[in-house]
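In what comes next, subunit A is part of two complexes: it sits with subunit B in the first one and with subunit C in the second one.
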Partner chain A sequence: MNATLSHLIAEYQKWTATIKIAWSKQLAYKLNFILLVIGPVLVFFFIRYNLWSAIYKIEGITTLQGYNFEQMLAYQVWVMIVGFLGLGYNGMNLAEDIRLGRISAYLIYPFGFWQFHACGFLAFESIQFLVSALTLGAVAAMHWVQLSPLPLIQGLVFCFCVALFWFQINFMIGILAFWLEETWVLRVMMVTLTQFFSGALIPLELFPDWLRQILNFLPFPYLTWVPVKVFMGQYTGDLTQAFGLILLWAGLAFACSSLLWQRGLKAYTAAGM
Partner chain B sequence: MQDAIFCQNLAKYFRHYHKEPGITGSIKSFFVRNYESKAAIRDFDLQIAQGEIIGLLGPNGAGKTTLMKMFTGIIVPSAGEIQILGHLPHQRENAFRRKIALVMGQKSQLWWDIPAMDSFLLLQKYYEIPDADFKKRLGTLCELMEVEKLLKVHVRKLSLGERMKMELMASLLHQPEVVFLDEPTIGLDLVAQKNIRDFVLAWQREFRTTVILTSHYMADVDALCQRIVLVLDGCKRFDGAIREFESMLGKQKFVSVDFETPIDNRENLWAELDPNWNNDGTHVELRIPEEALRQTAMAILRDYPVSALSMEKLPIERVMNELLTNPHLLAAPR
Partner chain C sequence: MFNPLFKRIGQRIGHYAGIYKEFVSNCFAAAMTYRFHFVMLIIMDLLFYLSILASVDFLFAHVNKIGSWGRTEFMFFMAFMIAIEHLHMTFVSENFWEFSYDIRTGRLDFILLKPVGALFVIFFRSMRPGTLINGFFPWYYLIHFGSQLHLGPLQWLALPFLVLLGLTLLTSIEILLSMSMFWIVESMGINFLRMQLQQVSRWPDFVYQYFAQKFFSFIVPVLLVGSAPVKFLLDSSQWPGLVWVAVVLLICWSGIGFFWRKGLASYESASS
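Let's look at the complex of A and B:
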């Protein structure tokens, strides 16, 4: 019993120490960090806000599938927040670690490669949480969104589940570098598809019915549309089922990437070591 | 006592394909790839006792690094048996990982964006080193390496020599039983090379660590290793004491001679002595069999304007050069 406990404590210390290191790495490059934080906010103001206000200025348009301009603005604000919390992580350096043989070090330390990147992900999430809180405070002060406790908490938890899925998918694409020279093409494809089919660009209500039917069998709607609706307090579906499904997708992604990892290590040649 | 390293009939094959140069080659290789399998290591036997320092030598591409990767569990062998301190390395159990360390001269294992001290603290957690031990070991290492002031500097701002010291420290904090040093002095200046060598030697004497070293600098091998394993084309071609290696070309002495005026180096006398001349013919390095040493040296002193003459045993570098150019001098591979 004591041995298990001390093992757990040691494991906990490894995780917290790695998360701290990941924080200092994130903060080591000040400009990078600031861009990471304000980039999406700038994109929001210059593109989304202007685009939708232009659309609603077209004569005769006051609502789109039930969204008036204020509601659309609120939808887009929540898309940004979900983007911060759920879809912010990019495992770019993961593929590079493999391609340049840097994972050799993690195969030797008594702390795994997945664990190391999972710590990086948790550190990233905590920073994103702060960024979201600040952004949300500012937009709520401008009365663009309404905040109420229950939807806020449900939405935050849902976003964390989305983030788990997103991390695992990124990890999976990253470790394809065991076989592929470049994996960024796949990542760009995935991000673009997700942007479109998750409702990050246009709310899913604006999509044809047949397409929405198909999307329900895929993880996409759960990546933006569902959490945004949860945040807005407008989700009419079964929330428990939605949680179950996103966690199921995350579990599936985890299982696939574990399998790929096992096979990849056998193919690994530690180039340039 | 258990062997530090044991391997038998070890082999590793890599698969690769050839690509013709240029865009046509790229297009062709997109559709048709003729893969071929090459043995990087084959039929390799090795037994190393705990506490030994071994020099793993061989030209580029001989398979030294592949061996190191298999010993540390980074890659999986294609065939054969391998055990490091009783563990199968590619199973990568934590108990195994805690007993070994790998230092790569060409690749940093420290985190680039943070000071070395932060990395050390992280490694303390990874290897579960108690605080008191950690402080004591760090103190000893800092003293031996004289790097106290550099601990808080970002790793990317350190010079190559300083970084290498940090890499070594990072790999020794958990007091591994077997340390693999892959070209630890590559790219370092002479003083830094010597510092690293002295340190490794002092550490090894104190803790009786097993050290496997690869290096192209024979000075490293000469200073550190008692035993040499020579790898050529993936096969073991020599395994024995360093003194035995030095006398492989027969008992010979290394003689260097300076002349007051340039010498005509086409004369017959020189040709038999494996000469190595400088550009203007005022300095030569020779290899002279011991039995002819007296006679040849006297002839040179008598017939040429010699200003200085020194003799020493044949440097291991010369032996190595000779053997690499004439591998038939070695025992045939199995």
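Let's look at the complex of A and C:
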């Protein structure tokens, strides 16, 4: 009993210490961090707001596939929030770490490599949560979005599931470096496809019907469109099923990355050792 | 009197062309070594171009016009921007990621020691040979939508030069922005911001409201990259936009020279 408890305490201490280190690493270059946050906000204010204003106001359109201007603006705000919370960029240097043999050091630590990256992910998520809260507070003050407790909580939990999916996908793509020279291309491809097919650029209601039918069988709508609709309190589908599906995709990504990690270690040559 | 000057300029251009030829052959050799990466880069860029065109196409399935432009004008503009992005991604973009690494690790020292313009080496040493193939994509759509817009012979003749002008402006603005890496050190944020500005430039200027339009035409003039040349192509009376592009280019180049010298003065040379 005592041994189990002390093991749990030791694990807890390892996780908290690693999360703290990850915080300080991510906030070390403050201006760099601010620029990373400013980017999506800049895109929202200067592109999305202006583009949809031009379409609705200049053209005198009142509704577009069920969206009036205020609803479209709210949709775009929630896309930005889902982007903050869901889309991480962990594992970006994983390929280089594997190629140059830097992961050798992690393999002898009494803390797993996946766990180390999971701590980085949790640290990143907590920072992004604060950034999202501040952004949301500002846009809510301007009455661009309406905040209701239940959709907000459901949306936040869904976003965490989306973030888990992205964490696993990024980790999986990163460890492909055991066999590939560069893996960032795969990551950018995945982000590009997701941006388009998840409704992050334009709502899925504007897509042709045949394409929407196909997308129902893929994870993309669950990465932006579904959480946005949940936040807006307009998701008409089965929410339990949506949670189940995003977790299923995250689980699949986890299983694939675990398998790849085990195989990859056998192929690892530990360059520089 | 002018002959020696022309001769010297010619020799200099020849010298730099020779160096660039070496850069290109090195990049080809590296690209051929990693064939999977080579193919993936081509697919990645094509997916990106398709997503841009499809977004606008889906939008125009529900609206007839945005501003004064209909679907054809808008798609022509998008193809024009993709043509610029294609050249940018192929010949320039990789270098921006390497620049901060050079500063951070002190590798810049070795570039400064070379008997050639350091800015030339920094921003033109790397290219992606694979994505050259993708050039057919934007040009197919430029020709397709340009024909629907009934462009005249002079407009067709001007088209490649205007694409190059847009590329020069975009690259110059980005190089000027990248000078801040001397002080910021970590490049992720500034490169991220650079890509967001590319996104801003990807839409015509009339989409933006007064403040945003003025800011991105005069302060950070990324809207001129596509809007000024395409507006001129569609209506030749819009030539003042091109004059403003020339002025902005001169300002950018002066700024690059100024901040390059300032940056070098504060460069700490990590490896020394």
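Definition applied: the second predicted complex is superposed on the first by the 266 of 273 C-alpha atoms of A that agree within 3 Å, B and C clash if a C-alpha of one lies under 4 Å from a C-alpha of the other, contacts with A are read in each partner's own complex, and residues count from 1 in each chain.
We take it that a residue touches a chain if its C-beta (ideal position, glycine included) is under 8 Å from a C-beta of that chain, and two chains touch if they have at least 3 such contacts.
Fair warning: this is a prediction, and the values are worked out from it, not measured in the lab.
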item: Touched partner set for A:Y109, first subunit B, second subunit C, both or neither; value: first
item: Superposition-derived comparison: subunit B or subunit C, residues of subunit A touched; value: C
item: Partner chain(s) touched by A:L180 [first = subunit B, second = subunit C, both, neither]; value: second
item: Subunit B versus subunit C as contact partner of A:D209, first or second or both or neither; value: neither
item: Touched partner set for A:T18, first subunit B, second subunit C, both or neither; value: first
item: Subunit B versus subunit C as contact partner of A:A10, first or second or both or neither; value: first
item: Partner chain(s) touched by A:L265 [first = subunit B, second = subunit C, both, neither]; value: first
item: Partner chain(s) touched by A:Y29 [first = subunit B, second = subunit C, both, neither]; value: both
item: Contacts on subunit A seen with subunit B and repeated with subunit C across the two complexes; value: 28-29
item: Subunit A residues touching subunit C - in the complex, by the definition given at the top; value: 28-29, 31-36, 38-40, 42-43, 45-47, 50-51, 53-55, 58-59, 61, 64-65, 180-182, 185-186, 188-189, 192-193, 195-196, 201-202, 206-208
item: Residue ranges of subunit A in contact with subunit B within the complex; value: 10, 13-14, 17-18, 21, 24-25, 28-29, 101-102, 104-105, 107-111, 265-266, 268-270, 272-273
item: For the subunit B and subunit A complex, residues of the former touching the latter; value: 14, 65, 69, 72-76, 92, 94, 97-98, 100-102, 104, 106-107, 109, 111, 113-114, 118-119, 121-123, 125-128, 154, 182
item: Footprint of subunit A on subunit C - complex, ascending; value: 33-34, 36-37, 40-41, 43-44, 47-48, 51, 54-55, 58-59, 61-67, 184-190, 192-193, 195-196, 199-200, 203, 206-209, 212, 216
